[in-house]
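Note that the chains are named A, B, C and D in the order they appear, and that numbering of residues resets to 1 at the start of each chain.
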Amino acid sequence: MKIKAGIVGGAGYAGGELLRLLLLHPNVELAFVQSRSQAGKPVHTAHPDLLGETDISFSADAAIPVEVLFLCAGHGEAARFLAENEVPAETKIIDLSQDFRWNEKTICDVVEAGERSFVYGLPELQREQIRQAKHIANPGCFATGIQLALLPLAKQNMLQSDVHVSGITGSTGAGQSLSATSHFSWRTENISTYKVMEHQHLREINRSLLYLQPEDQSNIHFIPYRGPFARGIFITAYLQTAISLEEAQALYGNYYAGHPFTIVTDQNPDLKQVVNTNKCVLHLQKHGNMLVITSLIDNLLKGAAGQAVQNMNLVFGLEETTGLKLKATSF
Amino acid sequence: MKIKAGIVGGAGYAGGELLRLLLLHPNVELAFVQSRSQAGKPVHTAHPDLLGETDISFSADAAIPVEVLFLCAGHGEAARFLAENEVPAETKIIDLSQDFRWNEKTICDVVEAGERSFVYGLPELQREQIRQAKHIANPGCFATGIQLALLPLAKQNMLQSDVHVSGITGSTGAGQSLSATSHFSWRTENISTYKVMEHQHLREINRSLLYLQPEDQSNIHFIPYRGPFARGIFITAYLQTAISLEEAQALYGNYYAGHPFTIVTDQNPDLKQVVNTNKCVLHLQKHGNMLVITSLIDNLLKGAAGQAVQNMNLVFGLEETTGLKLKATSF
Amino acid sequence: MKIKAGIVGGAGYAGGELLRLLLLHPNVELAFVQSRSQAGKPVHTAHPDLLGETDISFSADAAIPVEVLFLCAGHGEAARFLAENEVPAETKIIDLSQDFRWNEKTICDVVEAGERSFVYGLPELQREQIRQAKHIANPGCFATGIQLALLPLAKQNMLQSDVHVSGITGSTGAGQSLSATSHFSWRTENISTYKVMEHQHLREINRSLLYLQPEDQSNIHFIPYRGPFARGIFITAYLQTAISLEEAQALYGNYYAGHPFTIVTDQNPDLKQVVNTNKCVLHLQKHGNMLVITSLIDNLLKGAAGQAVQNMNLVFGLEETTGLKLKATSF
Amino acid sequence: MKIKAGIVGGAGYAGGELLRLLLLHPNVELAFVQSRSQAGKPVHTAHPDLLGETDISFSADAAIPVEVLFLCAGHGEAARFLAENEVPAETKIIDLSQDFRWNEKTICDVVEAGERSFVYGLPELQREQIRQAKHIANPGCFATGIQLALLPLAKQNMLQSDVHVSGITGSTGAGQSLSATSHFSWRTENISTYKVMEHQHLREINRSLLYLQPEDQSNIHFIPYRGPFARGIFITAYLQTAISLEEAQALYGNYYAGHPFTIVTDQNPDLKQVVNTNKCVLHLQKHGNMLVITSLIDNLLKGAAGQAVQNMNLVFGLEETTGLKLKATSF
């Protein structure tokens, strides 16, 4: 079986990463990779590592009929694309922007947008709903890492006190546009914070937690940091809880037992374990009455393109890990 | 005036940094730089950037009479050195280890060690005591950055709720000994935590805070991170407080008004502003009822050798900034 | 078909990388991964990214019968292993050390070692001989990158003047042992040279060039550099030649036409195009009478474990690229 | 004595570095720091490490009378500034652009530009001429490092064969403008070449060598590399020569004996020895008949602003090292 797929917005970081994955996916036939800025050029012009991997060029047009359409067009652009283009009702859509992850009217994990319903595509939260879905809102990168750190607690109504979260992100998290804080001379060997306590991903995180634990008593305090590395997100979260380390390990182990990409380890992990993979690695510690959870993902894979492919696999009834058994870079 | 100075343990990172500073200090005459491992070799063997700066060689002996003795011998080694060597009573001692920063019997900011009293050498905490002191226990690097973030609050009895602290340290914080987590292949582009909630500097921090605010109601929750950079410490601390941002800025501004190295900025800072300087840069934000403090230092300077020289300046009645007006690396 | 494989020395960098590849290879069944230092421990103890990928543990023993034995034991250790262990005559051996790449008595690209003949495993030099071989000496990393830059010229007797080579290597090239030049504090943002004009890989390079061009008139002048990055080798080589850029591009294009991993590009390349892939990317420029060749590989893949798997594929009659279509890290 | 100084173009990398130096210089009074883009803002807006160091703001105007005017306006802009502004004849000018380093009509080391004569400001080439000069063309960064590697040979007519040069530069060499090759995601852990064999600094290098050795028989082949670090230039140069290593060391030692910033070492050096200093470190090796010279500088200091201050010191009769005894960053 080959799924006919198209990518809208294929010249950016997430689009490129998706392209790399789909080119290696055994059940995908790539119909087009659209890009306004690069139309007509071979994809290796924008993504030089793809030299020798494919002869495909960026198209200006996204109208070619496909079974699944990936939207990598950026925040705001996805909604505009769907408003301006006639996408057949039967086409599956997986959107990587934040346009359909959350809206103010929505209190459960499906966002209604006109005639379409977007299911929030975090398989560890609601895999069965994703399998039945036609349209997927792919979660944000920080949102993925933080939710995976907290879902097992929310499921058991155990979010009863404030949660203190730090998250350090690599430079690819900010995309390929040029900016002062992505200039190498500035960023190398440097650290800074941004959007302290106000990161936009908090909305989708809080919504998912309320979905699992409707009487969530916790507040999330979140400080995002810019780190001097290209790929990955390193999250720590801690909160007061009465359960022991052993109980917490059992809770997390059970919750993620059937989820192939989320792994609980009893060794102190480091970020590069997950770089260039679709994994989330979780680690638990207990210090006094504080449960400390470490959560690591690759922002471009489990935090974006990898999770999009995982969702496609679920939507089309494929084995969840198809095309996602990736060699870690490790170093 | 030239102060005759000696360094014990001059081949390590802190010793080397102290050597760089003392060679450029207008009021210091370096009598010896002792090192067991490097005795007899020119100092530029261990510190190649000093090639052309000095002809001094490491000595095996530390018995040469000096007016001030810097101990960079490592934790445990400083106490042993003083036990095994007869240091004249009038010799000033500035110890960079943790041996005299804290002990269980001490409830104020002076540690009694046999016949000697070590004054805790954080000028922003107790500059007058330092000016009168003969023996100084130079603070730890994380301890310096975290205390400078909290002292103005403690002074006003405003530590009334838990303090949540993250601190990311560069690789020089772990010294020059070889280890798996200082291997370049591992550390570059990587992040990990260590000593979560259990860092040994918490003892000296808590002691200083209790000294200023004897009924300190707060607990400090501290997660240290290893970052992929060589120099610097980036700290964030936050706590609930009723005071407004303007009040907090005034409080910090007043507290540090006469302290030349600790600067409060209203711009979001980044770590490299302080690298290769003796400065601490502080930044305040208020989000809801949370006051968020960012605190940045160079771990080898304000966090070690620079503060040691600052203390020497105070002990010998020199202008506090002498020899410490350093060009920032910036990039 | 499943090839039964064993790895001797699986705890190091090359062994770990080979393990990552073989676990994902569709035609391999891993019989054992031997390590003296790690015997009995799960492989993810040494290679934490393999957590969740396999339950295999390191074995002390390498005596389990296999069809192919990979030796990752280090220079000198491979020869010793074969001397001290009875490896059945029919077992294929792929050695990643330098023990069988070259010896003083050998003038062609097969090294006789007792009863065994080791074929030099550079597919772009002698793919047919590799297909027929039982024992393979896998080339060195610098040797691979430099040879691929020069083979098409040697094949046409065009090495008629001195060749000037610079090669910058990442830290993984020096293995996982701890040393002053692999300490993060030293290596980050730093550059140095080593083994200037005397790198040991020059022997195998010169032997291969003489094999193709027996009257090679050239000398290779080679400066290796340590670079502040973990993976990859960046090589430039230049020499005087009368041929035009177009002729050179045709020459290289033809030579590598049937070789799936070696790609000639007309765009100025950068190292990260090949990181975490088995590719070599070549780029040609002509400036005056100088032909300048850029050659990029990942030292752990095309320069070690990836090429070993490529050789295994050839030896066992598999498609050359099996298990080697890897997603580039790109960033 | 205080020299009244002004900076034109103070918001860029070289301008900022010059500002850092002049603020610490004991004999300089800064009259203005001009910047079109930042006029009216405090200098710490563009250079945040200067927070707390000075209250000066960028001025729109550069017309305030000064004794020395530093032009950091960029290539082409310096000539335009002098054409459009009336700078008094007695004002000393030190230009950091390439506008007056070389022109086609000039065969010696003074460039005539209208009524002004610009002396090429490489003290190790022509210190006496600089002492007598009113206008200085400050050398390029690569040009400085490469010339210092070759001047002693040229002085002795020993450039008799081709010189093969590699130079790896940090990202600050490309200035602060945003570009694809200065994006952190691209540059970290990456290497590439640019302007192969065609770097514009070759002109000023060749002119200086011909000045010392009018019958220079050599060609310089130069490959510049972009390296993944912020500061510094690492150069290797080699050529055939009959002299022994000892003779070469004596030759270089004698040539640089009276030059305080250029140091010949017999230990294999690394780039970070010179970072944040005004030094050039040279190292010599002999391999067969090849003399290999390593040359290291900080591109922003000895390669730009530091050398500009060195030239100012010479022009005003100060000790050459005044204000330039800088603490190396080392790590």
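By definition in this document, a contact is a pair of C-beta atoms (placed from the backbone, for glycine too) under 8 Å apart; a residue touches a chain by one contact, two chains touch by 3 or more.
Here the structure is a predicted model, which means the values were calculated and not measured.
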Chain located farthest away, centre of chain D as origin (C-alpha): A
Pair of chains joined by more contacts [C-beta pairs], B-D or B-C: B-D
Chain A and chain B, separation of their C-alpha mean positions in angstrom: 40
Distance from the mean Cα position of chain C to that of chain B, given in whole angstrom: 47
Rounded Å distance, chain B centre to chain D centre (Cα mean): 35
For chain C, residues that touch 2 or more chains besides their own: 13, 170-172, 185-186, 188-189, 228-231, 269-270, 272, 275, 331
Partner chain A, residues of chain B touching it in the complex: 164, 166, 168, 170, 185-186, 188-194, 196-198, 221, 223, 225, 227-232, 234, 236, 238, 268-272, 275, 285, 287-288, 290, 292, 294, 331
Residue numbers on chain C that touch chain B, as the complex places them: 13, 170-172, 176, 178-180, 182-189, 228-230
Residues of chain C that touch chain A when the two form their complex: 13, 16-17, 20-21, 24, 45, 47-52, 170-172, 188-189, 230-231, 260, 263, 265, 267, 269-270, 272-277, 279, 281, 300, 325-331
